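Okay, got some structures for you below.
Okay, so subunit A shows up in both of these, paired with subunit B first and subunit C after.
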Partner chain A sequence: MRTQAQPATPPYTPYHPRWYRTHVSTYWWMHRWVYFRFVLRELTSFGVAYFCVMTLLYVRALSRGPEVFQAFQSRLASPLFICMTVVALFLALFHTTTWFSLSAHAMVVRVGGKRLPGVLIVMGNYGAWVVVSAILSWLLLR
Partner chain B sequence: MAKRPIEPFLWTLFSGGGVLAAFFVPVLLFLLFLAFPLGLLHAPSYDALHSLIAMPLVRLLLFVACSVPLFHWAHRFRYTLDDGLQIKHLNEFVDILCYGGAVVVTLLAALLLWNFS
Partner chain C sequence: MAETIQLEVARYSPEKDSTPSFQKYEVPLRKDWVVLDALNYVKDKQDGSLTFRWSCRMGVCGSCGMMVNGEPKLTCATFLSKYAPGPVRVEPLRYFPIVRDLVVEMSDFMTKFRKVKPWLIRNDDKPLSEGEFLQTPEQLEVYKPFSMCINCTLCYAACPVYGLDPFFIGPAAIALAQRYNMDSRDQGSDERMDILSQHEGIWGCTFVGECTKACPKNVDPAGAIQQYKLAAAMDWFKALLAPKASR
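Our next item is the complex of A and B:
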């Protein structure tokens, strides 16, 4: 159905519209705190990777005898490694807290047909975290 | 996002690794790499640690705890590079760097823990 206002053949326009594209800076994530926090959360994975690699090196040193292990331990106490470990530990803690906050959105737990509030799921995660950390500490400190 | 049949599997490894890392990494990082080397807490002896890791179950747990979180890292870093630096055109290179790195370290971990003596 054609309305009367519209001509039978639309007139040709020698005009090509330019696509609307805003330029996003490479450093967009430095412009706002929330963006920066997002990138920081993504980079917590480096703390996790550091843990994996260092733990494997720890096991390797352990398998090579007491002397090698002792040397490895004293290298771990050097300022460079302590700095890297402290940074990795902060990243790991940031990962744990953000991951638990996220779990409230990712997990839907229903009890008696009702959805459990997110606060309880987050608290449950923290509780389990304390238990896991306590068991591991007991294993290594007894 | 690239349409690849492997994508759901990568997301599973990402979240599995995220859970493992959230629970295991802070306490072990603090004890093994900070408290024990600095002497803040009394470290177990070499023999105690050695016999602990000699247990197959402990080695299996260590393998899981040191491999799946690597894929969590790979997944996060890949998207950080893609979005953060806007280098989607370097997709193949980034994928090989991230997932390939995780695969290589996982294989080394398997070798190391299997042959532990």
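Our next item is the complex of A and C:
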């Protein structure tokens, strides 16, 4: 018979007064480096979000004409924005590289019935990054 | 006198204690001894009341999973010498209710295990006279890694999501569902998707990835869950783009 659960007892197993249940601390992620790195990976997504928002603001400024775009660009040249962009760049780089290293778990690519080794998937991601960066550099700097 | 190493073993007696405490034991540090050997030494020679689970002593049954210096390990496959000069802290598997000393209550896992329907589901079963369902080595290779799970639940003890959300179905059960989904003889992936596409299923996982590192059989539950998420997302897109065809 399922007994009524006590408030501190998770309801997923029948309440048993003599089982000892451990409490997970709010700061569980600070006790081990691997968990701390996981939380860092999640938090650094703010860097990616920052660049997404900035891109949208760029497009909006561009759509409002050359004067607005010029004013927007000169505002971004302030030390505060430069600092924020540099910090966001490091956050986005950490986020990207940690996700690349995990991508081999999520992506299964089979060639001729055999699964490609994880290192090739990770290298493929870096390769695609280099190619996209090269195309963008060519478009922007030519 | 032979070299020794100190064990700090978590003790909890439900009749006497309100919280677990640690008891220290000195055991011989032998090169060929694993942590389980040391626990058996304590039970035989020093303290017969020490309670723990074990069976095969060779990394197959999955019974002797415990926390060794904070890491989920099969104690039959974890050498004492790795932790020299010690001490070696042995605790019950994290996030499970403790029944006594190093023994945890696993019925939550067993319930979730059954929930994902870990068996071959057929919609069009054929009579025995027509023979077995044939499978090529390539088809076997697709799901074989996920079939190596020994239900030791080390992955649950490594998963902070399970610790924080006891409703989360968890790594091993989802990997097992994926084992059957990827089996060419199975036709039950839609049934399992209904269960696992809920929040407590695959979407509860935040991809910490520690379940895969803890697995003594290289099952890669984290990979199974991410691949499952991809399949669920593809299903959702298909239903969005062609609602009639996906029915």
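Some points to look at:
One rule holds for everything that comes next: the second predicted complex is superposed on the first by the 124 of 142 C-alpha atoms of A that agree within 3 Å, B and C clash if a C-alpha of one lies under 4 Å from a C-alpha of the other, contacts with A are read in each partner's own complex, and residues count from 1 in each chain.
To be clear about the criterion, a contact is a pair of C-beta atoms (placed from the backbone, for glycine too) under 8 Å apart; a residue touches a chain by one contact, two chains touch by 3 or more.
Remember, it's a predicted structure, so these values are computed and weren't measured experimentally.
Of the two partner chains, neither subunit B nor subunit C is touched by A:83. By the touch criterion stated above, A:68 is placed in contact with neither subunit B nor subunit C.
Of the two partner chains placed around the shared chain by superposition, subunit B is the only one that A:46 touches, whereas subunit C remains out of contact.
Of the two partner chains, neither subunit B nor subunit C is touched by A:120. Of the two partner chains placed by superposition, only subunit B is touched by A:92; subunit C is not. By the document's definition of touching, both partners, subunit B and subunit C, reach A:24.
Greater residue coverage of subunit A by touch, when subunit B is weighed against subunit C, goes to B.
Once the two complexes are overlaid on chain A, the subunit A residues touched by subunit B in the first and by subunit C in the second are 24, 29, 42, 106.
Listed in rising order, the residues of subunit A touching subunit B in the complex are 24, 26, 29, 39, 42-49, 51-56, 58-60, 62-63, 66, 69-70, 73-74, 76-77, 81-82, 85-86, 88-89, 92-93, 95-96, 99-100, 106, 125, 128-129, 132-133, 136-137, 139-141.
Within the complex, the subunit A residues that touch subunit C are 10, 12-13, 16, 18-22, 24, 28-29, 32, 34-35, 38, 42, 102, 105-106, 108, 113-115.
Note for the complex: subunit C touches subunit A at residues 12, 14-15, 17, 19-20, 70, 94-95, 97-99, 105, 107-108, 111, 138, 141, 160, 163-164, 166-167, 206-210, 212-213, 220, 222-223, 226-227, 229-230. Within the complex formed with subunit A, the subunit B residues making contact are 15, 17-19, 21-34, 36-38, 41-44, 46, 49-50, 52-53, 62, 65-67, 69-70, 72-73, 75-77, 79-80, 84-86, 105, 108-109, 112-113, 115-117.
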